[in-house]
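Following are the structures in question.
Each of the two complexes below includes chain A, the first together with chain B, the second together with chain C.
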Partner chain A sequence: MWQKIVGTLIVVLVLNFFLPRIMPGDPFNFISVEEGSVTVTLTEDQIAHYHAYYGMDKPMLEQFTTYISRTLRGDLGISIYYNRPVSEMIGERLIWTLLLVISALGISSLFGSALGLISAYHARESSILDDLLLRMMTILSEIPDFIIGLALLIYFGAHLKWFPLAGATTAFAVYDSAFDAFRDYVHHAALPCLTLSLSSIGDFYLLSRQSAVSVLTEPYILTARAKGLRKRRLIFHHVLANAISPILARIFMKMGGMLSGAVLVEVVFAYPGIGKLMREAVSMRDYVLIQGIFFYVAVLILIFNTAADMIFKKMKQRGFHEKL
Partner chain B sequence: MKSYKIYLAIIIIAFAVYTLFGGTAHQAVSGASLESPSLTHPLGTDDLGIDILAQLIHGGGYSIFLGIFSAGSATFIGSIIGIISGYIGGKIDHFLMAVCDIITGMPQMILLILLGAFLGASYLSMIIVLAMLSWPQTARTIRARVLFIKEHDYIRYSKQMGTPLYAIITRHFLPPLKPLLTLAFIKMMSRSIMMEASLAYLGLGDPTSKSWGMMLNKAMAFPGIYFTPYWKWWLTAPLIALVCLILSLMLLSKEIEV
Partner chain C sequence: MSKKITLFLIISCLSILFIGCAQSADDNTANAASPENNTEVESQQTADESSENNASNALEDTPTVIRLEGSDTGLPNPFKHLTRGPGMSKMQILYDSLLEIDADGYIPWLAESYHIDETGKIFTFKLVENAKWHDGTPLTAEDVLFTFEYYKTHTPVVDNLNIDGTYIVESVVQSDTWTIDIHVSQVDNTNLSRLGGVRILPKHIWETVDDPIAYDAPDATIGSGPYYMTHYDPVKGEYRYEAFDAYWGPAPAVDAIEWLPVSDSILAFENSEISLVNVSADLLTRYEGDDAFVVRKLPSFHAYRLMMNMTDVPALEAVNVRQAMAYGIDREALVAKIARGAAEVSSMGYVPKTSKWYNPEIEAYAFDAAHAKSLLDGQTYHFRLLTGNTPSEVKLAELIKLDLEQIGITVAIESVESKTRDEAIKTGDYELLLVNSGGMGGDPDYLRSIYGNASANTAALSASTLKGYQNETVAELAIEQAHTLDENQRMTLIHEMQSLIATDVPMIMLYTNQDNFVYRASEYDGWYARFDHSKLDHNKLSYVVPTP
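The block that comes next holds the complex of A and B.
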């Protein structure tokens, strides 16, 4: 496991360093030309000065070693375009993204697994409810998240005008109370959060349905049924208790995918999270910022994946592996 | 229920006919800008006066071929690595699986954005990048299957009789792996199409192409698109086409799975 973590970190660092440097053009060429014109506003001397300032005139290897040692110390450098420390900028934006991802994860895992349990309970009688849910969830889990987002935006945002079209807060708003501020946040986060939840609810549904169906065939369920236990107690006490570990592991595994999904969804809703920052950084050719974001997200995903791995290991020890 | 196959067939035929007879309608201005749907322009025109139906057909072919090429190469790489890893085992297996772990552990969408931004998004580079990112899943399923097949007696006999590795792979491993490979191919195809659409939607696709993601990007970039009636055909047409394509691929894979 350690070897996987170290390996991933090394690949991330290497990619992060070399990718921007093998591409044609550099940020100073980019900012030295005004958008839409051909006149150059930075002289050769100025470009050379900036190269020296950002250490881009040194040999590749030296740049690489300073990059590694700095990154490991937590110093991600200063954004070339915005001229601010990268970790500070990411910190500001990361809160919004995590807010989205965590609430969407909570909603989708809760509703997804509840629906999965209900569906699994009815699956034996080949009911319409199970059939309908299964179809709907399979379709939902296939549609890419930005398309769900666009559809929601068009319908609820543009057509019905229930929700704002962009942003995380009302611009220039002055709140009377903390509750007002909170309401504004929720109002803005509702659609992006709903999008992320909808795109991952199918996953949780299918997983919980599958593991609940396999639990339901166990002899102890038959015993419980024969004892005359009520339906609700059977589902929440016996089935859920035995089906919950794979769902827990999936929550952590899903976290990484959702962070990636959030990038697109944030662009759809112009939500000021890390995804939108990434989009801005790419269009400005801001190497340092892009590297910083990539590093942050990769490390976050690594942490979540390791957590998921640990849960899997625990489950294997308890003999859950055959149900996965 | 088989209607999705008809849909798939329509797209493929439409694209084939369109390219074979040298269609350029997806680039040519053929009407006033932002016309609403009419007989000459069944889905209206965009802001430059280009027919949207022509763009839609062109984009469909673009997406499907991109999916076929990238999923094809990913299945090829994945099956070779999976077989080698499962059959030979030992240190090679360990190393290859570690590589798989690292690639799947990366934030793929963000890596794709990075690569798209830095390497430029030509058709070829897009296919290569998508293939490089998606082979590990196939490799892993194939490896698991190979580990199972390997234990059969006929493989051992054939090895003892001195059958070369190449022949063992093509004669004994590939036939039982075929359904698995077909399934992996279709799943990867829909994933690639989705990824390309997402990238193009972000504006990182091939700017000269008229892929569905690119159409969405252009429509969304139109100032105040929601306050005009244009989104009704300009935005929804590629949206619905994309969803239908992905869903029909899903139904196809479900049919094979069972």
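The block that comes next holds the complex of A and C.
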């Protein structure tokens, strides 16, 4: 397994370096402006000066070897656009993104799985509840997250004014206590977190429903029913215990998808996470920052996937699910 | 177990609702509170307790805080601010220059007076004697001398002191504590604005800094402007400036300026989270006619233009083809359909119609499909049109395509993102190219960069990006106008240049957008427009009490 991880990391490092540089464009070339905006145009001499300052005038191979040796030493370089150390920038923002993604993952997996189990239980009776949930969740999982985000922002933020329109904290806030700070964080994260949760709850619902429907046909469930077990105990003990492995694996596998989903959500809510930074880095052709972010994201996904693998194996050993 | 889960879910839902409702009540209170109560301060410098000006008196009757849309635009000093307008303007509020810009032109600022000798090569600036840095150190001619020497080897982000790769300052001589003579290498009409616009650095801070791009110590934002920075959070894009009570010049108009992140500027303005917003033409009706709001419409000094590659596409070398395209595109219709009327058809001579240097006598290229056809004399052409991927650009390209088809020119549209399009401008990998670009405010010397033989400087486009255009007369006029000190004679030369450019049509100027600023006068009405820049929030004079 470790060989695979190292191999993947090498591929990531190589792609990280070359992919951004294949894109047309130069980080210092500003000719066009967006409507309502302004940009400073750099002279040719300035562009040459900055290229030399950031080592972009050197041969590609030399740049690549410098990049590899620096990365191995833990130095991700200085952002070309922001003029700040990339590791520092990512560290400052990653915490906000992880806060969003992990909370959203928790909420969507919890509610999605619970609803899936309930739906599955009623599926065999062709109930309205199952039909309704199935339709709702299928539709929800097809709506792009930024649309959900905009709808929530306009209704709960602008119309009802229950939640702030932007940011991760109240601007310039000083907190009297840790609880105040926590409350402010939750208040600001609520809508972006809800957006991400709603956009992925359908996945967990469908997976959980499908697994549970399959478990519900097992003979031991029939036995449990015959014994007169209460419905709630049957669903949350016997069915859940046997349908949980794919759900757990999905939680870790979903992490990567949600990190990328966070890009749009962070932009909609001006949330200072890594996704918003990645968008800026790509649009500005900030190679060093792009490399750093992609490296971090790739490592995170590798960690989560490895964790998923390990959990899978562990559960298999313990015989959680015979079909594993 | 199941009861516990149910209880947990109920508590979670109630907590979120509680936090939501409780916090919105808090926010309303915070908005009304004074800035001292709801802000934290990472004060880098303390304002000197000087009573040399009446700033504090002026503040008593004025609003407390201006709040603006923010994002990280870099550390606001001349070396580290980002290349976007908001980054530059935040830096300019902190750092003073010898001259400032108002609605008519350049005005004395740190230099209370200036003199240009008869050769046009020696500029004498007499500084105000009560200027101070934010840390209380007096600002003297020594700082000015240091600044011009430092910029020679340490290029700032906005570099106006190099022309064609040559540093224009030959030498700087300090006559006394407050007077400085700057000798320039050659006579150029832009010298005064170039020297006057330079942001003066505190010698006592920067003289020991070898790498200003990497320098980010707490004193890296100490300037001499009317505000000093007390808070900068690059992650959240928050900045807070406070009034510098010891400021030598016009009093700061408010106690503080805050830039904070917003998800949508219109929603934020409607919620009174920000004081000023630039709205699209579609939204103007929402604010026009409502006494609570003031609407200011200003030309943006940016224009959409259709570039033509005359090097690689032989058909575009022919002036009749370029003229036919200029006549064949209904630019008034573009203004009506794309800009919803909030724009103006551009002059084919490049100089904006609002500029005093504009020549109204040049060919206007009013839409005339029949004349365009006659110019093509029955010939048909096919071109590839490269455009950006914003909705406006794509729609614009589609309308141009329809217009050109009417005169016998078919167009294949290729839409790419902006950096790819910008790169194509430099490499020349295009046939026709649609771009919205700036560099149209201020001194018309930009004509030299774009249509003459000078290298790119302050203009967004340049002779090197205008593929295949060469007119020796225009190039000679471009140089002559730069060195002619007689303004009337210069006006004649610039008019002549516009006339020639309009005849040659090296690129088709489409239309100039309009900025539509909206604010509540009851909140703050000191917004001020410069003669060369339309963004009210970028102008330093917007934040000081106007002097009679």
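Basically, the second predicted complex is superposed on the first by the 264 of 324 C-alpha atoms of A that agree within 3 Å, B and C clash if a C-alpha of one lies under 4 Å from a C-alpha of the other, contacts with A are read in each partner's own complex, and residues count from 1 in each chain.
Going forward, a contact is a pair of C-beta atoms (placed from the backbone, for glycine too) under 8 Å apart; a residue touches a chain by one contact, two chains touch by 3 or more.
No experiment lies behind these values; they were computed from the predicted model shown.
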item: Which of chain B and chain C A:Ile293 touches, first, second, both or neither; value: first
item: Contacts of A:Glu44 with chain B and chain C, given as first, second, both or neither; value: second
item: Partner chain(s) touched by A:Thr138 [first = chain B, second = chain C, both, neither]; value: first
item: Touched chain A residues, chain B compared with chain C; value: C
item: Which of chain B and chain C A:Ala158 touches, first, second, both or neither; value: both
item: Chain B versus chain C as contact partner of A:Ala52, first or second or both or neither; value: neither
item: Partner chain(s) touched by A:Ala270 [first = chain B, second = chain C, both, neither]; value: second
item: First, second, both or neither for A:Phe236, with chain B first and chain C second; value: second
item: Contacts on chain A seen with chain B and repeated with chain C across the two complexes; value: 23, 154, 157-158, 165, 283
item: Complex interface listing, chain A residues touching chain C; value: 23-26, 28-46, 49, 53, 78, 81-84, 89, 92-93, 96, 153-154, 156-158, 161-174, 183-184, 186-187, 190, 232-233, 236, 268-270, 272, 283-285
item: Of all residues in chain B, those that touch chain A in their complex; value: 98, 101-102, 105-111, 113-115, 117-120, 190, 194, 197-198, 201-204, 216, 220, 226-227, 231, 235-236, 239, 242-243, 246-247, 250, 254
item: Interface residues, chain C side, partner chain A - complex; value: 1-2, 5, 15-16, 19-24, 27, 30, 35, 38-40, 71-72, 74-75, 80, 82-88, 155, 157-159, 162, 165, 213-214, 216, 231, 234-238, 240, 258, 260-264, 267-268, 270-271, 273, 278, 280, 300, 302, 388, 390, 392, 416-426, 435-439, 455-461, 464-465, 513, 515, 533, 535, 538
item: Sites on chain A touched by chain B in the complex; value: 3-4, 7-8, 11-12, 15, 19-20, 22-23, 138-139, 142-144, 146-147, 150-151, 154, 157-158, 165, 256, 259-261, 263-264, 267, 278-279, 282-283, 290, 293-294, 297-298, 301-302, 305
